[in-house]
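Dumping the structure here so I can ask a few things about it.
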């Protein structure tokens, strides 16, 4: 019989508040601008931070709750435009526009989630695709949102007297938010709720039979991921030059976003983070080779799906599982072989 | 005292009558077997009790004094009805301990918001749940596999895990849908021992649907026989094996196997 | 395990830092960042043309002995990409001049960035009028601003055909914008209201009822606002209901799209639209250009995206020649300023555009919308092997219609 070792209070991990290591992470990452070569690298870091938020959010609904959605980019667009409207038309400062935009997105997430109660797989993808495209088209045709010419003049955030308009300063807005986003994702997904999401992904019938309120948790997953998309959208809106255009929220962006999550490994929080970083950097490095860029990008997608269907996270997990359980499994086999 | 009282339970799928007017009573603490040929409505009965299908008018299911007719699955589960599935439906992409912890979902008491704020009680609760689930895993002999992805386990281990996950909810009523299917005879014995041990330890009421008649006859105090969605007999294993309608129902089928025949011939 | 994860996370960031920084040190080189929409096949070709033109300059010894380094990037008509490219030009490559872009929606945020960072930018293809209205001292525009387009046909039609205009407009942005600008110009210049305006849905197939109504008003001009399909159908059905051919048909810029003559057939004969360039332009410089694009880039009939990209390069060459540049490590700001002022000094540039291109120092549309001459293109034959000709060239004063 195995010896059951329950974690004890003596374990240092259980004595510190779980957010502390993450604050440490923020402190370490704050040094990152020291190693950047130019302001362009800082700009790229900011884009990475926004993409990390997006991917981590998508990972909640897609990776954990297992719900197909291609509407995530549209929710981001709604967050971005909501934040822009709140700050430009209503004069709210960034620090109020951001939560307000997230609240709008939460409501949208609820709406997107409702079809998910009845639809699955490809049908749900189609429903969310319809939403995504209609958001883009509606924005393109709405004059007070700048229509096809875009929404201009969204002010940068201010902290005290500091206007966060340079890439360097904006880094200190987006990076801590992104890190906290990852932390919250961890806190939620490693809790009872995260297990409920995964159970829904694995088997809805069995999840319900285990007492999981499937409909409720599906909606919560959509709302949570919409909150992330809204936060990312708002951060995008207020980043220099403070300009939004519906063209930047099309299916192409959605595919890129899906690639981040798939490349990183569906259902792995670190996977989504690594995927967002890797895909953003690949995207940037291939920019000079515009003739082949699409081919390179398509190649990465195909190779990932063919040889790494569970992404980097899946590969790491497989490796860990193999290493950890090889001996155990061999022992079991040996026991079965000798009656 | 009766834990489960079912009256007039009917279900129709299109033109097919899966269940017609079933009455069933399960005593507190009993191990109740349900047998019947394929398509006789056994699994439908489970699905109705656990709230997978909405019932038809006139049906009534009372569990532990509460009318659960038409309630959603997760509510019924939280009232203390746990079940396994014929196809197991374990969460293959999750670790063994996570499967167990999902089973305990209804009894895990903290809000996700407090998890975000890192409240200390959350960590205590997580530790409690993990600890209790490890004990339960140890009880069913899977403690070594706690961190293993459930999809990596062997068939017998999966059956045990399905049983463990159902037990994780600390149910009053445990419904086992063909727990012995696909198991080798020694494994059936292991499973039976585990079920009996669990039942004793936790004071469970158990309903077993089974094809393996030996399993039912050895374990159950009362057996209900279904055929074509109707209850054709009910009684102790001895009474059932003497019931001419049961013999007819089984003998009238070509699918009758050697096991059934030898069982029915036995005194 | 936890450390492994952190390492995985840190690896790409370290990789980013490990990529060698662009060789910045090379002095005496003029750096130009070019961002264009190149996702379409023609885009790749005019992008290549821009690069080739500067390479030819280098092969001939450079400008005032200085070599030119071009960084050509695709923005896919995505504003985010355009912003990313411009950030790269400014902070990483540290260019002295930016050329871009094709889509107005991309040029829009670019204008804000170059204004803040004080870098000259010349727009080769975007036509939206707001680009130069923003008042940036760093921005110049080569193509005809859209505010001229409607006026080009309005003026010519009023002077040569008549002022009684009937409008048939589908309710999409292009259609509504076309009709509105035409009407505003007619009101302003001649104080004339439309004789009739009929709105139709974008998806309509049968416009005959509306056209019969228009016929009864006996207009001089039938203005058709909408996308290519609608323009072709309306042209056809206008003859079916018996609107005579002396009534001039004029359409929105979508009329230049191939489906119009292909679907419309003979009915498009005589249909006119405003444009900036036409490959049947008979001027020798235009024909030489068409021949060049045919042999070098295998383009049968280069459109104004090509001609304007070409003109932009020639203007940049001329400005760089006139600017006195130091091009050393500390001279960035001064060099950028010098290039800007040299661009503002471009006067009476004669290129493929139908009229002269002039820039001046004031950050106003009058100074920075260089080209004020549009052409009117007429279909002389419909069907698959359609033909067009340049019907007229119409120039405007710089401060028209602001």
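For reference, chains read A, B and C in written order, and residue numbers begin at 1 within each chain.
Operating definition for what follows: a residue touches a chain if its C-beta (ideal position, glycine included) is under 8 Å from a C-beta of that chain, and two chains touch if they have at least 3 such contacts.
Small disclaimer: the values here were computed from a predicted structure and weren't measured.
Engineer: What is the chain whose Cα centroid lies farthest from the Cα centroid of chain C?
Structural biologist: Relative to chain C, the chain whose C-alpha centre sits farthest away is B.
Engineer: Taking each chain's centre as the average of its Cα atoms, which is closest to the average over all protein Cα atoms shown?
Structural biologist: A
Engineer: For chain A and chain B, let me know how many angstrom lie between their CA-based centres, rounded off.
Structural biologist: Measuring from centre to centre gives 39 Å for this pair.
Engineer: With centres defined as the mean C-alpha position, give me the chain A-chain C separation in Å.
Structural biologist: 38
Engineer: Based only on mean CA positions, could you tell me how far chain B sits from chain C in angstrom?
Structural biologist: 72
Engineer: Touching chain A in the complex: which residues of chain B?
Structural biologist: Residue positions touching the partner: 50-52, 72-74, 77-78, 82-83, 85, 89-94, 98, 101-103, 105-106, 108, 110, 112, 115-116, 118, 122-123, 126-127, 129-131, 134-135, 138, 141, 143-145, 147-149, 152, 154, 165-166, 168-169, 186.
Engineer: Give every residue of chain A touching chain B within the complex, in rising order.
Structural biologist: Interface residues on chain A, with respect to chain B: 1-2, 4, 6-7, 14, 17-19, 184, 187-188, 190-193, 195-196, 198-199, 201-203, 205-214, 267, 317, 321, 324-325, 328-329, 332, 339.
Engineer: Going by the contact rule at the top, pick out the chain C residues touching chain A in the complex.
Structural biologist: Against chain A, chain C makes touches at 1, 4-5, 8-9, 12-13, 15-17, 19, 21, 38-39, 44, 47, 71-74, 77-80, 83-85, 87-88, 90-92, 103-105, 108-109, 112-113, 116, 128, 130, 173.
Engineer: Going by the contact rule set out above, which residues of chain A touch chain C in the complex?
Structural biologist: Against chain C, the touching part of chain A is residues 32, 35-41, 43-44, 47, 140-141, 147-150, 152, 167, 240-243, 245, 247-248, 252, 270, 273-274, 277-278, 281, 284-285, 287-288, 290-291, 293-294, 312, 316, 320.
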